[in-house]
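Dropping the structures in below, format is C-alpha cells.
Across the two complexes that follow, chain A remains constant while its partner is chain B and subsequently chain C.
Entry: the complex of A and B
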C-alpha cells in the first residue's frame, strides 16, 4: 500500500473539498461564525465518504458507473432531468474553477486574467489529451497536497485547540438574530452542498472503471474514500479555523478567492503565500478537470457512447468532443466577465438540488441483493446512507428559500 | 404551497426594507476595506509578492466600487465608500482601518436585534 494507490481519492477529495467554492465558504464560515460550522463539515464529510464508497464498490463489483444506474433506476424521463440538471450544475462549477485558476495565476504572475484563463484552458485540455487517467489523478492529486500548507499554517498560529474540538459538536452560535440564524442555516446548506458535490461521485466511480477495479480493489476503495476525504476535510477545517483566528478579529469576511492565501502568509511570510497560491492553483485546476470529465462521463454513460481516458481520444470520439466542448463552454462563460463568486453561489445552489437524484439510485443499487450479491450494503452502510439521504433532501428543500432570503449568503 | 410562497415573499420584503436594505453592501464594503488594510500592512512589511499585492488591491477596490453603486441615496456609508475609493492603492493601513471602524458602527446601528 502506498500513496500512489490512493491518488484517485486524494484528487477527488482535494479537488472536491478544496475547490474554489470551499476556499471561499470555509473562510467565510470561519470569519463569521468562528468554529461553530466545523460540525457541518464533519457531518458532510462522513456523508461523502459513505456515498463515494458505495459508488466505488458498485464500480468494482457491478462495473457500473453512476450515470448508468441513474438512467436505469430513475427511468428515461427522470434520468434526463437529472442529466440536464447535473450538466448545468457541473458546467457552472467548471466555469467557476477555470475563473478561479485565472484569478490565482493573475495573483501569482500579474498577467491579465483573461490571458491566464486562456493559458489554463490550454493546459487543462493538453493534460487530459496527453496524460493517461492514472497520471492525471497522480499529478493533480499529489500537487494538490501542497494545500497542506494551510494545516501547517494553522499549527504555527497555535489556535485554541479546545475551541476547535468543541466545533465538532453540533451547535448554533448563541445570540444570533433571526436574520443571523437564516444566514447560518444558508452556510450550513452551502457547506453540505459544496462537500457533497455530485460531480465527486460521477468522477470517482468513473475513475474506478477507468482503472479497471475489481473485487480485489474493494479494500483500496474503502481506504481511498476514508483517507482522501478525511484529508480534504482536514484542509477545509484548517482554512475555516485559520480564518476564525486571523480574519475575524480584523473584521475581514473573505469575499475573494485570493484572500485565503493570506492565512498562510501571516504565520509563514512570503514562502507561505506562494505555497498557498500554488496549492490552491493545483487543487482548483484538479476540480476543473473533475467537473469537466464528470460531465463528459455523464453524457457518454447516459447515451451509451464509448467513453474513458483509458482509450485513445480518437477511440471514443463523442466522449472526446464532449469534454473539449464542455471546457470551451466553461471558458466562454468566464470570458463574458461574469463575477466568479456569483458563479460559485449558483453552482452550489444547483448542486444541492441535484443531490437527491444522484444519491437515491446509488443507495438503491448498493443495497440490491441480486446486483451486488455478497457486497451489498450492510446495516451500517444502509443506515448511514438513508440518514444522509434525509439530510440532503432537507438541504435541497431549504436551499432555494435560504438563497433568496440571504441574497446568496450576503444578507 | 401558496402560503409558503407568501411567507417567503413576506420575509424577503421584511429583510430588504428601509435602511436595512443597505446592510449587505455595507458589510461587503467594510470587509473589502479591512482586507485592503491587511494587504497594505503586510506589503509594507515586505511579506507579499508585488503581483499579489497589486492584484488584491485592484480586486478590493472593484468590490468597494461595485457595492457602493448599490447603496441607497443618502446612505451614511456612501461618503465613506467614496473616501475609501479616493485613497491611493498603497495608502497606509491606518486611514483605511479608521473607515472600517466607522462602517462597523453603521452596521451595528442597522443590524436587527
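Entry: the complex of A and C
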C-alpha cells in the first residue's frame, strides 16, 4: 500500500467522521456548557477508535463482518433483537441525515425543504447505484474535508486556547442545579452515542470486507482509526469551541444544523458561510449513505444474502432492494414533516441502547485465540475494550431516564 | 476444520454464514439435521431458511416471520461441505443446493446497467 493510499484513507476518515448528530450536539454543548464537554468528545473518540480498530482487524483476519458475528455469538433470538433495534436506530439516523441535508440545501438555495429532500434522495441513490464502494467512500469523505473551515474559523477568532485545553480534563461545570446536572449528563450520554454510533462499525467492518482487506492492511486499519478519527474529532471539537466562544456569550442556542455554519461566517464572511454549509452538506450526505448501507449490510449479513457494493447491484439483488427500500423509508419519515431535531434526539437515544449488543460480540471475537491467532487483542486493546464496554453499558442504562427527565435535552 | 472433525454444534456451526464454491454468500446455518450412526449422532444436513427457526424463536415471532418471509427450509447435505471456518464453505454452487431461489427472484426486479 503506497503513501497516497494511506493519506487518502486517513483523509476519508477525517472527512467522514462528522454527522448531523455530532454537528448538533457539539454546537449545543458549546453554547450551553462552554468547553466543559470537550473531554466527553475525547473519551468517546478513543472509544470509537478502539472498537473500529477491532472491527477492521476482525474483517482483515477472520473475514467476518459485524452482523455475522452478532448472529453467531449472540444466537438467533438475541441477534434478532439486536438486528431490529439497530435497524430502527439506523433508519431514524438516516432520516435525520437526509432531513439535515435538506435543511442545508434549503439554506444554500432557498428552495423548499421537501423538494431538496427529494433531490438529495435521488443523488444518494444514484451515487450508490453508479459508483463502486471505494469511490463512494472516498468521494463523500474527501468532500467532507471542506469542514476544515470550522477549524480555520476557530483559529481566526483566536479563542482562549488554555481554556480549550482545560476542556480535555474530565469535569462538571460548577454551580449547576440538580436539573442542570441531569441535563449536563444527558448531553454527555448523547455525545457518547453520537460519536460511537453503531452504524459506524457496521459500515467500517463491512467496508474492510468490500475492499478485501488482509493481513497487509492491518497497519492502515490502525492508522486510519487512530489518526483519521482523532483529526475528525478535532473538527467536532472546533465546532464546540467556536460555539462556546461565539454563541454562549450571546445566549444563542444553535438548535438547527445550519446554525453552526454561522461560526465560519463571523470571522470569514460569506465565503466562510458557504464553505461551512457545503462541508456540512457533504459530511451529512456521506453519513446518510453510511447509515443506509449499514442497515442493508446488517440485514444481508444476518440472513446470509449476497451483499456488497463491490458487486454490481444485480449481482447482490436482495441487498440492493434493501438499501433502496431503506432510503425510501427514511425519506418517508422526513416527508411526514417531523422535526429533524427530534429525529436526531431519537437517533442518539436508540443508538446508545444498541451499543452494548453491538460491541460485546466484537470484543469476544477480537480476543478469540482460535479465530484471531496472533492478531487477537493484546492487553491494551482488551483493557480499553472492556473499559469502554462498561462506559457504554452505563450510558445505555442512563439514557432513557435522562431523556425522559430532560425532555430530550430541552430542560 | 474438516467436515470429518468433531464440531461443537452450537459454538462451531449454528448461525454461521454459508459460502458456495464461487465464494458467494447463500444462507446461514439456521438448524442442523442429525442422524444416528454407529451409536453416534452425526450431522446429516444443514437446514437453511425461515422454516428452520421453529423452536429457536418464540411461537409468535416464528409465525410472524413465516408470514413475512415464508416457511421454506432448504437442506444442504453434509457431504456438500468442504470446510468449516468463520463460514461454512460448500463444494458446490448455491444453485446445486437450491439456495439460489430467493436471490434469483429478487434479481428479476433489478434493472441491469448504469453501474461501474
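One rule holds for everything that comes next: the second predicted complex is superposed on the first by the 395 of 411 C-alpha atoms of A that agree within 3 Å, B and C clash if a C-alpha of one lies under 4 Å from a C-alpha of the other, contacts with A are read in each partner's own complex, and residues count from 1 in each chain.
The rule is simple: a residue touches a chain if its C-beta (ideal position, glycine included) is under 8 Å from a C-beta of that chain, and two chains touch if they have at least 3 such contacts.
As the structure is a computational prediction, the values presented were derived from the model and not from experiment.
Undergrad: In the superposed arrangement, which partner chain does A:68 touch: chain B (first), chain C (second), both, or neither?
TA: Once the two structures are laid over each other on A, A:68 reaches chain C alone.
Undergrad: In the overlay, answer first, second, both or neither for which of chain B and chain C A:314 touches.
TA: second
Undergrad: Once the shared chain is lined up, is A:301 touching chain B (first), chain C (second), both, or neither of them?
TA: second
Undergrad: After lining up the shared chain so the two structures overlap, which partner does A:269 touch, if you call chain B first and chain C second: first, second, both or neither?
TA: Only chain B is touched by A:269; chain C is not.
Undergrad: Looking at A:404 after the superposition, I want to know if it touches chain B, chain C, both of them or none. Which is it: first, second, both, neither?
TA: first
Undergrad: Name the contact category of A:252: first (chain B only), second (chain C only), both, or neither.
TA: A:252 contacts chain B only, not chain C.
Undergrad: Under the stated touch criterion, which partner chain does A:77 make contact with: chain B (first), chain C (second), both, or neither?
TA: second
Undergrad: Now for A:176: first (chain B), second (chain C), both, or neither, which partner does it touch?
TA: Neither partner.
Undergrad: Which residues of chain B touch chain A in the complex?
TA: Touching chain A: residues 8, 11-12, 15-16, 23-24, 27-28, 30-32, 34-35, 37-39, 42, 47-52, 54-56, 59-60, 63, 100, 104, 111-113 of chain B.
Undergrad: Which residues of chain A touch chain C in the complex?
TA: Listed in rising order, the residues of chain A that touch chain C are 62-64, 68, 71-72, 75-77, 79-80, 129-132, 135, 300-307, 312-314, 317-318, 320-321, 371.
Undergrad: Hey, which residues of chain C end up touching chain A in the complex?
TA: 14-18, 24-28, 30, 48, 53, 56-58, 61, 86-87, 102-103, 106-107, 109-112, 114-116
Undergrad: Could you please specify the touching residues of chain A with respect to chain B in the complex?
TA: Residue positions touching the partner: 103, 106-110, 177-179, 250-256, 258-259, 261-262, 265-266, 269-270, 273-274, 277, 401, 404-405, 407, 410-411.
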